[in-house]
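Letters A, B, C and D name the chains as they come in the text, with residue numbers starting at 1 for each one.
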Amino acid sequence: MLGVHLPGLALKNPVMPASGCFAFGKEYGALYDLNVLGALVMKAATLKPRFGNPTPRVAETPDGMLNAIGLQNPGVDQIIADELPRLAAFDLPLIANIAGSEMDDYVRTSEKMSAQPQVAALELNISCPNVKHGGIAFGTVPEVAAELTAKVKAVSQKPVYVKLSPNVTDIVGMAVAVEQAGADGLSLINTLLGMRIDLKTQRPVLANLTGGLSGPAIKPVAIRMVYEVSQKVSIPIIGMGGIENADDVIEFLLAGASAVQVGTANFVNPFVCPDIIAALPDKLEQMGVADINELVGRSWKS
Amino acid sequence: MLGVHLPGLALKNPVMPASGCFAFGKEYGALYDLNVLGALVMKAATLKPRFGNPTPRVAETPDGMLNAIGLQNPGVDQIIADELPRLAAFDLPLIANIAGSEMDDYVRTSEKMSAQPQVAALELNISCPNVKHGGIAFGTVPEVAAELTAKVKAVSQKPVYVKLSPNVTDIVGMAVAVEQAGADGLSLINTLLGMRIDLKTQRPVLANLTGGLSGPAIKPVAIRMVYEVSQKVSIPIIGMGGIENADDVIEFLLAGASAVQVGTANFVNPFVCPDIIAALPDKLEQMGVADINELVGRSWKS
Amino acid sequence: MIQEKMQITAIRGIADQIIEMKLKGTLSNQVTEPGQFVHIKPSGTAQNGTALLRRPISICYTNKEKQELTLIFRRAGIGTEQIAANQPGDKLDVLGPLGHGFPVEAVAPGGSAVLIGGGVGVPPLYGLSQALTARGVTVTHLLGFRSAKDVFYEEAFAALGTTYIFTEDGSRGRQGLVTEPLGELSFDAAYACGPLPMLRAVQQLIVDKPLFLSLEERMGCGIGACLACVVHTINPEDKKGYRRVCCDGPVFRAGEVELC
Amino acid sequence: MIQEKMQITAIRGIADQIIEMKLKGTLSNQVTEPGQFVHIKPSGTAQNGTALLRRPISICYTNKEKQELTLIFRRAGIGTEQIAANQPGDKLDVLGPLGHGFPVEAVAPGGSAVLIGGGVGVPPLYGLSQALTARGVTVTHLLGFRSAKDVFYEEAFAALGTTYIFTEDGSRGRQGLVTEPLGELSFDAAYACGPLPMLRAVQQLIVDKPLFLSLEERMGCGIGACLACVVHTINPEDKKGYRRVCCDGPVFRAGEVELC
């Protein structure tokens, strides 16, 4: 009743932790059995190790948080060596989130990751607002995003999901461009660019000045984008942005997402993913829905 | 200590109700003396009367609300006949918010409004996401916004503030374009485009499907945009988006706004504007600030 | 209209998900008509977050000597869940009284009225019934609920006049729709509050008597400034073409505004 | 580490804006070291909104028989204001115990230790002092506060060992910095918790003895997954190059990580 099939991903259920909010599963895996998850999206991998931004890296806002982690990660080779073998023990599709500053970084990182048998799909993070050079440009210009998608598709042995930035005038244009370039699916949305100023220091709270806004505050923007994009593309969408409970998951599915990711809410409730997964069957029953896939896009299909 | 001088606007204090959240002052004027306000921004005026969108027109979201009022107003002539004479009794700069579906609508409405002696300045709402034809396009293409600004400037007898949409990839580009076209000031930000889906009906809550997201949820996006834009333009910025209290006002000033507007918070606390104005002197004293203008842009100037 | 921190003097469940709450404060002195409402800022804890906007709740009845309002509301979502989580002694930020209520003067003393309510549309009819009976009007109540577990105030209404209870499943009172007895009753005016389909049915059946309907719309400000709550007028000659439920209503004379 | 709804058994102000709160639950059984912390989901009402993220608060001391944790925290913003608004009997969602605390085994029984604390860095030193004295270690406390109104637990510390109180304005104890007596004291190891400038000063003065510092960073998850709370290591050969305050710390041996 909860199973969902997407390119490269046979999901027991449509719920997976979002990239960057779950590291490589070790910490949350100490709290519960990761096998309950639909899939696991790993923290962004870059070609070289990155230390990321100076602290403070997070700040709280009304019903949201800003982060400027800056893609800290040990680099693709180290991830392949240290993290994948441990994760291979789980019966769980692994999605590798890929980031970079240059197109070539993305291509080479994707090539390496997609060659790993444990990796089921790639998620191209073309939209991380916290990387200074590159990154953001890929995410805001349709032609550039399309070119990047095509280049990665050419080398990838696994389906490629492109994760779009909401900080654009025309999200549908971005989505259509990467679909035409060969993307197998879309992830919507990454964080909104925001800032908070500390009244005591009179300076931005984050050392990086700006950060990515996530959490419940952005849910209406995410739902709108999933609703608009899902009507214009024929590839599946993994929806995210502010999901806290099973009702939110259903709202994303109704909007047009085929599966969802949960980010910030893990920090609030470390058991949020298993809690949601456990709550879904009852919700579906109350709605008279036998197969969760029936809900996808119902808000505009009916 | 609270006085602020902007093109056309001699403000007793930098706090004014935002357009569309205060109608023409009658309702809130029954609760308190409007003369305490820095200024009053009237509800959008269009050339012809507009009934607006079907209901439901509002929906609540985490720390925010969506609205799709649809610029309901009795038209510029009626506003001039019915509302301005009453408002003339107050010792208060009036800002006329102007909207339209065609460029010519804006120009003719602006011409009429700016000719009224009671009107101190115009605020061009080029960004209302709830109008079906036009409106949104003005707010997302720099060249179109610039052309509109220049045309309105050519006929306006009063300073022109352009109110920008946050639903763009490059807010600085928009701001610079309208500054070069002659704008006397900027209002930042209008609402973010969002949606909420009702789990019972499985359809969007708003009859208009999408609506504009306002309230505390959007404050980090607004602060970021004011911070970025204020460093690149030399015209003043009226900041808004989620302001609820005096601390929020100070955050906007530190980010680079010279004055602020308060929208959604009026619905939560009808006395929010006078409450904020009353709280500001103590806040400034605690900060050791003798003149509120000293705070403007301090987060990046120092 | 004032904004006041009103103290909760009593709060209790009276039916499934239905809460009766009493609020004490000077705001109650300003209530002029049954059917007016208050706009409450939810405070307190709910499962799924906290409300930003106020919530409109009808005044069920007013006790001016005790400076007390009684409200009856359904736990429907975040905001009402928060309000319901409060305890006696807690204070709530209340804006009101708001809007125009039911005109009791539509029935002369000695006349008769029928009051038709459904679900959480029933509460304001209780204050109305009190006011009408105090005026010497004979009242008949037609009150509809989903099921027996949802019924409240049956005896309170019965003490004021003949009361018919209807449930959809027949588990209490009669099975069927509140509109059924309308053909057999004689009355000088009718008042209704409840879901739209009920109001539409009532309006179709009562065409030759004064009829007053209380409407609901999602609200922003609650005081007429935001135009969230507008309804179209029926008369094409009407100059404004619309009414605001929050301040022109929530009670309208049948035929004044569209029911859609 | 578990997530538990812990019951507040006591909550009271003990200095200006400083709250002492006792929490009961099985989580307390898992505390292994003084200086560990808990991550609390704020619930309750605050003036300016409600917190989304959890708030890290050090465990002041643990009473395992009573299954009780004592925390001391300053009302600093929305989250701590919410927590402070709770009453005995209310429950809080607590994640913990988290992180690595102060190593008491760094001082052999019969040895001596100096504990240096500033402001809300003082609380975890109390549990540390209990553990050290229980081990037969002689402790000296150097505790700094802004002003007399901010001082707490002076007698409690004095009952465990020599205690010097410092205030910035001299309104209680000595005027000046907690680091002043360090030159005159002899000890086997030192432990410090407080604001960064204090930690830096301590680190400059204590170079030839084991020194353990408890750090603060803004946190997301609190369990090592989000990398919000990283600090650079000092050793350029260190393979990772960073530590997470939430799970590798919050207590580090001086010289392991940068203080900036």
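Keep this in mind: a residue touches a chain if its C-beta (ideal position, glycine included) is under 8 Å from a C-beta of that chain, and two chains touch if they have at least 3 such contacts.
From a predicted model like this one, the values you see are computed outputs, not experimental measurements.
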Open item on the list: By that same contact rule, can you tell me which chains touch subunit B and subunit D alike?
Closed with: A, C
Open item on the list: Taking each chain's centre as the mean of its CA atoms, which one is most distant from subunit D?
Closed with: C
Task: Centroid distance [mean C-alpha coordinates] between subunit D and subunit C, Å - done: 55
- [ ] For subunit A and subunit D, let me know how many angstrom lie between their CA-based centres, rounded off.
- [x] 36
Task: Distance from the mean Cα position of subunit C to that of subunit A, given in whole angstrom - done: 46
TODO: Return the residues of subunit D touching two or more other chains; collapse runs of consecutive numbers into ranges.
DONE: 49
TODO: Scan subunit A for residues touching two or more other chains and write them down.
DONE: 62-64, 215-216, 247
- [ ] Work through the pairs of chains, note which ones touch, and then classify the graph as line, ring, star, complete or other.
- [x] complete
Task: Partner subunit D, residues of subunit B touching it in the complex - done: 63, 216, 244-245, 247
Open item on the list: Which residues of subunit D touch subunit B once you look at their complex with the stated criterion?
Closed with: 48-49
- [ ] Write out the stretch or stretches of subunit C touching subunit D in their complex.
- [x] 43-45, 50
- [ ] Can you check the complex and tell me which residues of subunit A touch subunit B?
- [x] 61-64, 66, 140, 167-170, 192-197, 199, 202-204, 209-210, 213, 215-221, 223-224, 227, 242, 247, 250-251, 254-255, 287, 298-299, 302
Open item on the list: Considering only the defined contacts, which subunit D positions touch subunit A in the complex?
Closed with: 1, 3, 41, 49, 51-54, 78-79, 93, 95, 217-232, 240-242, 247
